[in-house]
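Next come two complexes, and both contain subunit A; in the first it sits with subunit B, in the second with subunit C.
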Partner chain A sequence: MAYILGVSENNGIILDPRTKLLLLIIINVIVFNKLDSHLMSILLIFFVTSLFIFSKKYKTAIVSLAIYLSYTLVLMYILPHLTGFLAILIGSVLVMFYKLMPIILMGAYFILTTGVSEFVASMEKIHMPQEIIIPLSVVFRFFPTVVEEVKSIIDCMKISGIGLNFKNLITRPLKMLEYLLIPLIISIVKGGDELSAAVLTRSMDNPVQRTNICKIGFHWQDYLYILLGLLLLMGLFI
Partner chain B sequence: MIKLENVSFSYLNENKSNLKDFNLNIEDGELILLTGESGSGKTTITRLINGLIPHYFNGTIKGEIYFNEKSISDMKLYEISEKMGSVFQNPRSQFFNVDTTGELAFECENLGMPVDEIHQRIEQTINDFHIEKLMNKSLFDLSGGEKQKIACASVTTPNPDVYVLDEPSSNLDFIAINSLRNIIKFWKEKGKTIIIAEHRIYYLKDLIDKMIYLNKGVVEAEFNKDEINRLSSDDIYKMGIRPIDLNQIRYQTPEITLKNHEFIKIEDLLFGFKSNNPVLSIKEITLPSNNITAIIGLNGAGKTTFAHCFCGLHKKMKGRIKINGKMTKNKERLKRCYMVMQDVNHQLFTESVLSELFLSMGEDDEERAEKILESLNLLEFKDAHPMSLSGGQKQRVAIACAIASESDIIFYDEPTSGLDLKHMHHVGENILKLQKMGKTQFIITHDLEFILNCCTNVIHLDDGNITDYYPIKGNEDKLFEFFMKYQN
Partner chain C sequence: MAKLEIKDLINVGIFGVLYYVIFYAIGMLQLIPVLFPFCPILMAIAGGIPFMLFITRVEKFGMITLMGIIISILIFLTGMSYLTVITGIIFAILGDLVIKSGNYKDFKKIAIGTGVFSLWSFGGFLPLWVMRDSYKAMMAQGYGVEYANTVFALVPDWSIIAYVIMIVVGGIIGAYIGRAMLKKHFERAGIA
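And now, the complex of A and B:
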């Protein structure tokens, strides 16, 4: 499965969750303050894909680079020839994704390479309040569940003759969204309810100071990437 | 150790009481089995004991429940949880972590145990449960049985005195049930107190100290070890629970005269993510129409993959599937086949039962829809929201959709998992009804009692291959042998 979260059998070199969070913030600041710099955008993309390569997610790295390259080509060679409504539509959507891509990729790296307990451990280290940690860790837990459920619902839709195919998506897009979302929401609510009950019987609400078996800590790669991140940040002022 | 005195309970917003004047005294090291039909109140009792009632589920409680002489309603939920481990029905929704090791550590971490000690305890549990191979894995990659094993292991690491299990075998195949049995036996040998609510009881047979049979919230009968051994299959049958010994299953195989012996022909079917080790590989098989065929095999044998391939859900499938002598494409089979999923919630998309049928028909023919609903005793629910129905009713709505879409080949994915005897027979009746309408049906199942009562043929799948195909009549021994093989 492509969406295994935080299972670190042989995941290569991975950053500490705190470093990931810091880099995510740095990239956000850069992207939103330097929207028009092509050089910065390219640097950021290489910066993030290098993280994927270090964590042995070669496929993700290659696919991301390919998407980025094709975006660039479309923006440079095709978009200038389009006119009217289509140009505005395609242009605005494309440009938005193009600009936001470093953030999306960094976010994906964060989620794909961080385990729930790792995440909780690092958030506790930076004294994040429990009220924020618990809901966020539930999001981590539910991400792969949602992927599983969506796959299964799409199969069911096909069987019921309302497959998510091109024709249906064009002729009745809202209905299709409804057919997908209603079962999804219902099974997530149900699953969430069962999960809450299960978690409560496992002493989740115990007031003692929680311990954590996850070893988190800063290594050379963290210092390296924080340094690189800060250098990029300095690029804002050039 | 645990004492329930004159306990009555009704859930919030429900008029009827789920439990009436219930009394029970549980001694240290006892294994108590709570049994009875769905809705008999057995789950309610487990929730009253592990504190989820009243601390999570609201309602009106009368009477008192004591745990080590302390009243449970005066205790905080975490005070109860420290001493009690709970395992639930659905293996998918009871883990908080995404990795197995983190899950084993989870409760110990919550209890603030020192890290070294947690590691030691995990090590111990891994040894006791023989789950070395499952460690450091994503829980999302495990089978239902493996998930349930991890759930049991993760409540064992904090070493509680009491284990409370609510229908833990519901979603498991026979091998997984067998390892569940071994886990429960292990707890019992350690002198733990165990409370289990279940209607499938054969796997607990010689472990039970006391069996309590509930009916509509009232205790109808209580049995001790000797009395359980003396129970006849008649007694069990009357109680509406599943057999206590698989050899005692009562059954009547349906008789069907076949019309078309070469309805379906599958040739060189191949499906797999890597071609050198395919998930499914079927050389050749011919199947008759109008039959009810059980598909059996271990988890991972390719049962669901076979159903999905047949229904046209796997585009990358190679091979030929002929229906009535004609080659079919994936798309055609997608139209002709219907699949009733294990989680029916995934296939109900609209806001009323009637519009669910319209969706399957592709038109709003109310007369026909009502006729179909009537045949499945669903007419009174035609305007109800599908999600307001019970599990069995939802399944019937899905079956109604299958009829409405005029599919003549219908697959079921474990339609009786977690069902008591009565509801199992209801499912069987509906399947026989569809058989009379001329449908050809395939049922993926682990339920021997159900197969014997409702199916006519059996397909054995093993490691992606069909290893056997035979009519049940006259071959009952073979079928029994297959299911017994995994019991010890």
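And now, the complex of A and C:
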């Protein structure tokens, strides 16, 4: 599954990366300033899932709506009947994640539908300094590698009889941390050194403006969504 | 201020992604309610390991600052409050200044600086205090007002100081663990 920046099949209607970033900021501000509004939360969920539908990611849209719905049912019918200290703690964590769902979905949309080159091109357009663009694109480049590495390290740990399970995590957390992190750090750092060598041979350090073949620009859907986002933002003051 | 080279920027990216992944994995522990209040300290401790290795590659002012900016942007993209970006910038610069005063070599300064740097994540917890009313109203919806009051009695206003101390101490512990790991593994592997 192409869940990482860098793989973008352009199908469906997709927003400009700058619009996505703006919407992400708007949603974040709304969620954290209006944590108590049910209506706002529902509106935001539909707002974000409509983006998934337009970009033809029907499965993600349906799954996230289903999660949201079941979450709502749990919160409405099950949680109020639970009592006790632990229930409150569990409940508060659940409610927090419930409220954060629009932000997490919007972040997922941003990552799912933006290619690294598109991202770099749009960041250059808003004059983000190179010092921020380059590390960020390295980060997006290495996400899949880290996930892969973690998977294979966990497999290796299982083979050696020190599987990453609950019992081991409780009885020797520091050892587990060490066994997992050290190989991960070593392999990623080595990969990074190779990457530096590779980009230097392609003269990344040349100070002139680089060209980019990505076509980015604002279209009707961007204006529509920015307008909708601003309308939602106005809801903060009602 | 010496200009950062491409190699430095790539190092920031590499250690940024490591720090972020570790931070996020530990953050998932929040789902276990008992651990919820201790997450900041656990995050700071675990973050110390990649951070110490990162420090060995830092010679110029700005790299640690950039690291803080990058990870706080990432955390913002994946579901924490926008306040994180603000605290991220502030505490990364402060941590950078502390470590720079020891010329990026003095371990005592590095340990304290790591503690200060760890505070970048503080913005993620700030809504508990800054947006208290809206947070409380949200909980009251689910459980009723007295429940919300019970929970918030557990997190009184002054506990913000306890959180700050917890995170700084966590960062310092992380720096010591990181140094031990550095000696034990990375120097042998020839990448420190």
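Note that the second predicted complex is superposed on the first by the 211 of 238 C-alpha atoms of A that agree within 3 Å, B and C clash if a C-alpha of one lies under 4 Å from a C-alpha of the other, contacts with A are read in each partner's own complex, and residues count from 1 in each chain.
Everything below uses one rule, namely that contacts are C-beta pairs under 8 Å (C-beta built on N, C-alpha and C of every residue); 3 or more make two chains touch, one makes a residue touch a chain.
Being a predicted model, the structure only gives us computed values, none of them experimental.
**Student:** Regarding the shared-chain residue A:Asn212, is it in contact with subunit B (first), subunit C (second), both, or neither?
**Tutor:** It touches subunit B, and subunit C stays clear.
**Student:** Under the stated touch criterion, which partner chain does A:Asn28 make contact with: subunit B (first), subunit C (second), both, or neither?
**Tutor:** A:Asn28 contacts subunit C only, not subunit B.
**Student:** Which of the two partners, first being subunit B and second being subunit C, lies in contact with A:Val116: first, second, both, or neither?
**Tutor:** first
**Student:** Touch check for A:Ile188: first (subunit B), second (subunit C), both, or neither?
**Tutor:** Only subunit C; A:Ile188 stays clear of subunit B.
**Student:** May I ask you to decide whether A:Ile78 touches subunit B, subunit C, both, or neither, giving the answer as first, second, both or neither?
**Tutor:** Neither partner.
**Student:** What is the contact status of A:Ile159 with respect to subunit B (first) and subunit C (second): first, second, both, or neither?
**Tutor:** A:Ile159: touches subunit B, not subunit C.
**Student:** Looking at A:Gly91, would you say it contacts subunit B, subunit C, both, or neither? Reply first, second, both or neither.
**Tutor:** The second partner, subunit C, only.
**Student:** Once the structures are superposed on A, label A:Arg202 by its partner contacts, choosing first (subunit B), second (subunit C), both or neither.
**Tutor:** first
**Student:** Check the residue A:Pro144 against both partner chains and state whether it touches subunit B (first), subunit C (second), both, or neither.
**Tutor:** Touch partner of A:Pro144: subunit B, not subunit C.
**Student:** With the touch criterion stated at the top, can you tell me which subunit A residues are shared between the subunit B interface and the subunit C interface?
**Tutor:** 137, 141, 178, 182, 186, 190-191, 195-196, 199-200, 204-205
**Student:** Touching residues of subunit B toward subunit A in the complex: what are they?
**Tutor:** Within the complex, subunit B touches subunit A at residues 50-52, 55-57, 76-78, 81-82, 84-86, 88, 90, 92-99, 101-102, 105-115, 118-119, 122, 136-138, 140-141, 154-155, 158, 308, 311-313, 334-335, 337-339, 341, 343, 345-350, 359-360, 362, 387, 401, 405.
**Student:** Please output the residues of subunit A touching subunit C within their complex, sorted ascending.
**Tutor:** 24-25, 28-29, 32-36, 38, 75, 79-80, 86, 88-93, 95, 99-100, 103-104, 107, 110-111, 130-132, 134-139, 141-143, 146, 150, 174, 177-178, 181-182, 184-186, 188-192, 195-196, 199-200, 204-205
**Student:** Quick check on the complex: what are the subunit A residues that touch subunit B?
**Tutor:** Listed in rising order, the residues of subunit A that touch subunit B are 1, 3-9, 115-117, 137, 140-141, 144-145, 148-149, 152-153, 155-163, 178-179, 182-183, 186-187, 190-191, 194-214.
**Student:** Mind pulling up the subunit C residues that touch subunit A in the complex?
**Tutor:** 4-7, 9-18, 20-22, 30-31, 33-34, 36, 46, 49-50, 53, 62, 66-67, 69-70, 73-74, 76-79, 81-83, 127, 131, 134-135, 137-143, 147, 150-151, 177, 181, 185-186, 189, 191
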